[in-house]
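Worksheet: the structure to be examined is printed underneath.
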Amino acid sequence: VKKFLNSPRDAVSESLEGALRTYPHFIQATGHSKRAVQASATPPKGKVGLVIGGGSGHDPAFLGYVGRGLADAAAVGNVFASPPPDRIVNCTRAACQGAGVLYIYGNYTGDTMNFDMAAERANAEGIDVRTILTTDDAAFSAAEDRESRRGTAGSVFVFKIAGAACDRLYGLDDCERLARKANDATFTMGIGLEAASLPETSRPTFHIAPGDMEVGVGIHGEPGAAREEITTADLAVDRICDRLFSEMDLVSGDRVAMLVNSLGATPMMELFIIARRLHERIEARNAVAWRNFIGYYCTSLDMVGASVTLMKLDDELLELLDHPCAGFGLQLPAYPCDQ
Amino acid sequence: VKKFLNSPRDAVSESLEGALRTYPHFIQATGHSKRAVQASATPPKGKVGLVIGGGSGHDPAFLGYVGRGLADAAAVGNVFASPPPDRIVNCTRAACQGAGVLYIYGNYTGDTMNFDMAAERANAEGIDVRTILTTDDAAFSAAEDRESRRGTAGSVFVFKIAGAACDRLYGLDDCERLARKANDATFTMGIGLEAASLPETSRPTFHIAPGDMEVGVGIHGEPGAAREEITTADLAVDRICDRLFSEMDLVSGDRVAMLVNSLGATPMMELFIIARRLHERIEARNAVAWRNFIGYYCTSLDMVGASVTLMKLDDELLELLDHPCAGFGLQLPAYPCDQ
Amino acid sequence: MAELDSDFIARFFCEAAARLEEQRDELCQLDGLVGDGDHGTSMANGFAALAALVRGGSSHTKIPGALLREAADEFLSHVGATVGPLYATGLLDTSEAMGEGAPWELNEFPRLMACLTQGIARRGKAAEGDKTMLDAWLPATPAAEASLARGASAAEAALCAREAAAEGARATASMIASRGRAARLKERSIGYQDPGAVSASIVIEALVETIEATPEAR
Amino acid sequence: MAELDSDFIARFFCEAAARLEEQRDELCQLDGLVGDGDHGTSMANGFAALAALVRGGSSHTKIPGALLREAADEFLSHVGATVGPLYATGLLDTSEAMGEGAPWELNEFPRLMACLTQGIARRGKAAEGDKTMLDAWLPATPAAEASLARGASAAEAALCAREAAAEGARATASMIASRGRAARLKERSIGYQDPGAVSASIVIEALVETIEATPEAR
């Protein structure tokens, strides 16, 4: 796969530099470490800090979710590789306004180890850190085993809710509770058609036969839960809905937030075709997709594929979801439009 | 190339249906014709109307640029095919608030013929229609031959400026003048690495050899100005800058708006690598990229490639560029962030 | 003598629709080389709409001129694109030439081709050698007329038109495009046949086939 | 007798860096099959940073324990990922066992491997058969110890460690992953070697090579 690169090993650094130069109103480097990024807006004293992060290759995640009403800082790792603890600690210091700090990131062995090591150091500095692992990926493991699930595109909803709670100056306990609540209400399932190519190799990480699709892919271009025969968009969505609806127990009268996310190379025309069927299926349950997000939110480099996230809304979550925010990956004005 | 499709021939209709269901706060069908779309917000009486449109396959163009501070309506064609006059006339009627209507669209034979036929009919109904062709593509033809150039991603800037002028209730002459001014100030050049695949064929429309890139591609997956050996991101950007800077006569002290646009399958990480070099080059001229847009603005289905657009700003254009707007493809709150 | 009546037109549309449907993919491929790859779709869908119009009976008129006017609208509103206005204008100009009067005679088919050609030229402002569909349409009429003048039957004259159109389409391969999307490619368009000329020659083939299938044509 | 001094450690890091650099692409490919394709990058970059540390001289210490502590930080802050904390903890545990004291003797290299292994296990909480790098690390120490106990030279014992690690890595192909990214694939992970076990066996090869290249080892 052809790419716009200089030295492939510089891809992450150069990309980050490009982002920092492009969006100075949103993000800035934390101290000297360019791999730790904080919001350009100064957070108010007493606000609970929110630190997010993970590997690179998920643009606009995670940098795009740093800003007012979102995260205070993000730690940036190599492609598909957790950032190390020192950067996370730098982020933590930048985010800390004396009211404690939330760590929110996807549930992966690497991230957990690095963030835990960072949390230990932050604790040693007297910062109260609470960790919320996103576990929205419903493709794997039984519902009882929720904690072992991966964090995928649904993380964006969790960032959004938590960011809003922090922005409203809620206390640490409440912010933590709301982040957990958002994660508990959020379910994702992805389907990959072609694997992603990392900058260093510019070659798909694995092979999906022409007639096949990979069901249950995550956001690291990795294989998913099952290889199946490729099918129509509607049947693919049905496959996803069957799982998500039962997982989240979607019932008549429910309101959900919906996120149809490109994994990178699937264009928006197809995301809308997916959305069309989703609306049909949700309506058939007498439920409604109350808030809709479609586009590039948490990608897997240039993977051909898409994921669908549904978050069950109650009044509390909805209010926080609608709270204004300003990251370059997600901007919500006070009232986005006529509603 | 694998795609999420049902019957490929229904792709445009289904995608449009998905968009309408997803963004009811932004867009709605005009009358019974789903291929003519208007803003959900009611425009004030006396406002100049703005109608845009073109073929499908450029998402979020053109639907994403319908909304407050942007276009009032968009006519939707088949993939890479101009919409027919009747839909454009429907859009014109929906957009008309008694103060005349602007048509802004890319300079292509098909679009010109269809929009001209529509303008004739609208004229016959007593609607004063002014046509502005976008001709931002600097890859082809000499500067003197500006009128023969294509409209590509730079159209988004022209929509934005014209939409703001209309939203401020400027008169028809002024709106037309500003749209032309925006177009005159805007220059684009694209580079394609792999051709796009149309839904009906799911096969690249042409072949680019592994070691080659296509310089000067437009937004229809079509071949560009020249086939060249693939190079580093920085050299590719240099190739673009050399052309754009001389075309727009970029000089010390200039402020520009910059748009780094994915043609579909090139991920944001690479767009940022491109942006990094652009900032370097612009700064080397003692100019500055004053407003930055990076992402998916005017795509060519799933083409691997990117385009760079620069618009030279003066105070008038900058003010209109910063005017709030609310389309699902482009949202600017009153003050996007700390600035 | 047989006439270019609404039945003839209906058969022509259906024949063209069938042939274009068959060539849909190939025309897209051809268009992809110098254009944007949608030409087969536009042409096949456009004539499919005309076939549906005459078959499904959403048209009620038996007056050829009126039918062609309906066809122009139908083609245009289904297709848009570049070919929509061009073929719609061709159909419209033919419709106007026929007026509300009685059908033309079968032997007048070169006039039908001339009207179509004129509409396409009027709308698109292309000239011979611009590497467009006109390079197939333009030579068809004089070839048929010359053949009829030599005393040939309608069927024989139609075959001459077909040959001229096919030759015209083939000749576009060595031309530099100066109209439409491919014009931007300049010299790079050399070596590829113009998709619009190829599809035009298919449409003309369909017309010729329709004439040949008319018993009195021989 | 030769010692596991700072010079030894430096040679070990450089040897491992060179070998991992060579296998960078292959390890990425292996990781792509059941994981996310970055393993070669993380390992090669991590040991390249260690090589740079000892070569470039950003480290000034000659005390092995202190050097290993610096190495742990360096590895971790360059790599992150899953392997960063694991190897960093391994290096740290070794550093702590060595303390500020004099270097261990060459024959004590199994203890060095044991410390690395223990750190990895402590941090990652994986067990034998979980299809992780531990499946290469765990058998290496007892194999070397047994060989030394049989009276073998350091070099001979090192070769036994290498064999055991390589065998351990090979054996992961038939295991079901229950730790890390591949654990989600369940049965689908069968048939592929664990990339972390393969790279561990390369690291151990480098250690063995370093021992062999020590004249007194024979």
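To keep things simple, chains are lettered A, B, C and D as they appear, and every chain counts its residues starting from 1.
Following the convention adopted for this analysis, contacts are C-beta pairs under 8 Å (C-beta built on N, C-alpha and C of every residue); 3 or more make two chains touch, one makes a residue touch a chain.
What you see is a predicted model; the values in this text were computed from it and never measured.
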{"item": "Distance-maximising chain from subunit C - centres being C-alpha averages", "value": "D"}
{"item": "Inter-centroid spacing, subunit D versus subunit B (mean Cα positions, whole Å)", "value": "54"}
{"item": "Inter-chain centre distance, subunit A versus subunit D - centres from mean C-alpha coordinates, in Å", "value": "33"}
{"item": "Rounded Å distance, subunit A centre to subunit B centre (Cα mean)", "value": "28"}
{"item": "Those chain pairs that satisfy the touch definition", "value": "A-B, A-D, B-C"}
{"item": "In the complex, subunit A residues that touch subunit D", "value": "9, 55, 77-87, 108-110, 113-114, 117, 140-141, 150, 195-196, 198, 200-201, 204-206, 218, 220-223, 225"}
{"item": "For the subunit B and subunit A complex, residues of the former touching the latter", "value": "1-6, 11-12, 14-19, 21-23, 25-26, 40-41, 56-57, 59-60, 67-68, 191, 193-194, 199, 210, 213, 230, 232-234, 236, 258, 260, 264-277, 279, 289, 292, 294-296, 299, 301-302, 304, 306, 324, 326, 328, 331, 333-334, 336-339"}
{"item": "Residues of subunit C that touch subunit B when the two form their complex", "value": "24-25, 28-29, 31-38, 40-42, 45, 76-86, 123-124, 179-181, 184-185, 188"}
